[in-house]
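Here the chain labels run A, B, C and D in written order, and each chain numbers its own residues starting at 1.
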């Protein structure tokens, strides 16, 4: 569909060729011996990628929103209090989902581009007994990175479950689910996980499962109910067939390949690579005189959200597309038309960053913006060389 | 994964090569102009394939069970009465889903292998005011085909909404949603629709949408709530970008290709082909002396469910697999180990039926079953020649 | 291109899905380390598949005819005598090629459908001093199988080099190059080797190389000259880069995968499988009352060449195609319009044979031919069950 | 094989995704109606791409060297005089090929990195009666671009046939075969034609065919003999089946897709794009302080051949590879270890150039070379913006 153009949005991303080949394989039975092996291995690999060997992985056909829905519907009982640490669109969405299942939601927000301080989170936690705290690791709408380690530690101290929306972060931003005591970490396949869209991924801690087991009200959402999925996940991981709903065979096969790549690189190297690549992109954008939505101290390494220069709007994305790179427009409702988004996750390479900045320069030039030609790519390249 | 072995189960099925190629394409942005065109066209094609030009199509990442969940959660309000016409495992599942959303469920069942008579359905409908009636067009666990036209007509007469679970039927068994007045027809991508698993498909009549719009209680399931999806489906069909959750780009592209094949063949020809192919498979199985779960008068054209001969059990499936064909074991909990299932949907060809029966013969022979060698393939071939 | 139709011609054949995936991979450099490994391994595997560990493999972009050309141009010096054992079109072609390089060619022929007796070959060999003897293992135009072991033994006894055109045979018909003393065995990728067309494969014995090294006249054909290719083949097999002409990277990668499949099956099992499958096809064709070009005693196991029944001609192939199977028309100029050809090599399965005979029956029926419906598939199936 | 690394060598190149998908399609019969259409169309498209509507295209399984061999073997008769305008390795190879077929070869050479002046060519032409003149449009070993228009005009004036080796040029460097009176233009699929390696392409003028028809000696090379291929090419272009040797079905299908892309871009735009991209690469390399093999006035637009800086050798290519870009080492025997080669042909984009220069910078930095970080990418980007 996209030919040789680069897809540099905050998901879906550029996938590894062998991941795409796994997508295009002739589908086999969901209970064929080789598929059971593939699915079982993917679940095992998820534990390693989430740095949560003792967790319970769930892989279900759906989007990242389904993963959020699964967390909320399985943990929340009507009347439960939930604290939402919001840094953008997806924090607000989590609140809406939690409320759907009967939660009383308290929000901790920060100004656009900032993240709430841990103090504020702690203060909120002290107000009442929260069943759970959610926090968006990187909000795809703003590119703000939060201190999920700190939030999880606070949640634990205050006896709440911690839920990390890792949709734009997991497998790229540093996250040590088990060590940091995060109860649920969830994401979607098409982000740093490196698999085409269509899979919701969720890792639950024993404490989260225990809370679910103790609930009194039935889970209000049938499709997302862990009672349906848990036996299936356990069976496949034990290399046995099981059935609740037909798994998305090709996507699961692709996921297994992609998780294999992630583990081959190593999580530590992968976290470092995203820091380095993210810095290069941000340096390049800054060198062109563009400001960014996220404050530098809380800027994600997986994406960059620059404001358009004065007098230039979303139409510049078309020129950038013609220059060979697909970028994303704004998403946050308050400022949708004033900024754009660059994703740099997963298989992203040095070359992708240079190509992207080159196309941004070309688009800006076509739109009449004045800047030193080459300044963006040169700044990014200097950062890349520095970070080698 | 499966090499050149034939996948002859009641889904996933053998997919057309260009459908698989669409799966393996490099993913583009979910708001790229060409993807908007692809998704929009797929939605239009769905109307034609469902024979429901005036319906509202929904395509969502998930399984067939999500489609059932979507129907139930959007239509049912706590306390509503629902009538379930059950012919197996998936009828029972629909009851469970409806109850999850607060429905009072009345079941109309028939003995294993049979379908309830329309009289029985009508009698039940007369008992009280039902908000909706569900019926499984072909229950994948039994291979029983129901008279969905008759059930829909009764539902209409009694003022109930009709919901057809078409998971093993839609795009293969005759179904004229608009003409027959079916309010919801739902299926999964990996069946006769001919696309790898991972998409839930649902077509809602204006009456169904109207009922949803008039509901007082919020939809209990966030992910399945039409309020989230309707603007997205309308936007893509109008060739505009919209966002609720990232669509499964590759699966949607594959769906579009597959729906194109279905329309190129033509629905009428496709219904006839499934009748002819189904008859050939059943003749072949009968000629080997095997009896079938579904009574002849209500046997599906998309699958065949033979009982194992005396003394032979599920281990014969392994020999059939070694002979090159992947079949499915039993699914209905009462008789799971006593029968097996052959799917013949979508791209299925005459040759597939012969190859399948050949492998069944080889498996049975290896298991020590006595029969006239070649009788199954010959009987199938006679039927195929007769039906040409 | 062909969708789910079966390609049952004497090459190209149905290729394994992972062979096709190797074809579709992004091409890498012909001197990339991983490609050097792939090419080197393919050469090693060729030795095993040709049962000629001490031979020298050549893999060159080109067709099977290039392999013949390479054998002739490297071995023949003007005035050399060559004996051609011809069983059809490709024997005649070998004579033409040999003459092009200055050979004095003597032909040993048999009536159409027969193979010359070894006595006749020996008698010819006794007439004069032959530099080489060529023999077509299976002539694709007639489906006649020759006794290449016997011919090679005679050649050795009379001091001639033996050249086997294995284009429709190698990796399917029993052939033990080293043990049987065959000096050159050559084939094309798209036959029983199981790789799409585009590669000429040749295995030369030390004696053949020695004869080439001692030649006085230069090799007349530049592209085919071993002097250009030998260092390249030796280098890749030693896992070193080398360059003469850019190898067909994707085809070589596909070849490596396919040779891997052949070795995984095992040559002995593979020879047996082709005997069994070939017998089934021939039984099925005979049961329909069709006679075959090749006499039963010399009929190939890789293909079947039936005569059309009276009153039916090549137009029946179109009906067979519409029934889902692609067959080939006649090739031998004398009787081109009177017979057709079915290939059954490589990945061919029991199911493929049944599907093919089913389509042949359907085509014949459409053409008005009278036969017992199902007789062909039943006879084939009986043979398959017998041979299990 | 190469994952997401960029292949930036002077062939094979980065191929368009749909070209690779055509490679991976299930192979059909070489005489199937749809393949005949594909092959026929590809031949027609070749006429347009070579800007030679009145020529005769040949597409044969083999490498670019086979195309050279075909030109030489079909045109040369023993004793003919041939003039070779040589600018590197491939000029020398053409001489060797011509001599193989009995030509008396006269060389016109220039110092490494230069091209002979037209005066020198004319002077040589005046010495005796030449049957043909060959000239390498871009010699892949040096990156020197020749004035093929001028050479062809001289050849015509002096009554010789002109043969252009367009292997690293055709479909990228300006060439108007018919208008410029070039008698043969030949290339290989894996260069600017944009198709994986394995096809030799040749376009012969009526004058070239006439010369071949008038020859007295038989063509010494059987496989390359136009007498074998001409009826096949004519038949496919007339949409009829024909057989000499099985065409490389998948490669031909891929070729057709790629030629379609070339024509969609338009030859004039394509020539301009290569000029612009080539200039950017050269600017970038120069900004890093590296000198180039080819003199600026005769430097190709399809490749760049920089010398390594002092103290750095071929090992830097490994560091560049690790930085994500595959480059090629030197090829010219005299200076093999002193320079490297960057290809920029076909689907090459602005982003590819930036990514390549970024990787070159990173490799050089790792090797200890001192330069202003980012200077290469910035210079290339300035040139790209200038040339937009």
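Throughout what follows, a contact is a pair of C-beta atoms (placed from the backbone, for glycine too) under 8 Å apart; a residue touches a chain by one contact, two chains touch by 3 or more.
Model, not experiment: these values are computed from the prediction.
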Chain pair with more C-beta contacts, A-B versus A-C: A-B
Interchain centroid distance [CA atoms averaged], chain A/chain D, Å: 45
Rounded Å distance, chain A centre to chain B centre (Cα mean): 33
Centre-of-Cα separation between chain C and chain A, whole angstrom: 54
Where chain C touches two or more other chains, by residue: 14, 17, 21, 24-26
Arrangement of touching chains [line / ring / star / complete / other]: complete
Parts of chain D lying in touch with chain B, wherever the complex brings them together: 17, 21, 24-26
Residues of chain C touching chain D in the complex: 1-2, 7, 9, 11-12, 14-15, 20-21, 23-32, 34-35, 38, 60-66, 69, 72-73, 96-97, 100-101, 188, 190, 196-198, 218, 220-225, 243-251, 253, 326, 328-329, 331
Residues on chain D engaged by chain A in the complex (per definition of touch): 3-4, 6, 14, 16-18, 323-325, 347, 349-352, 354-359, 361-362, 365-366, 373-382, 384-386, 388
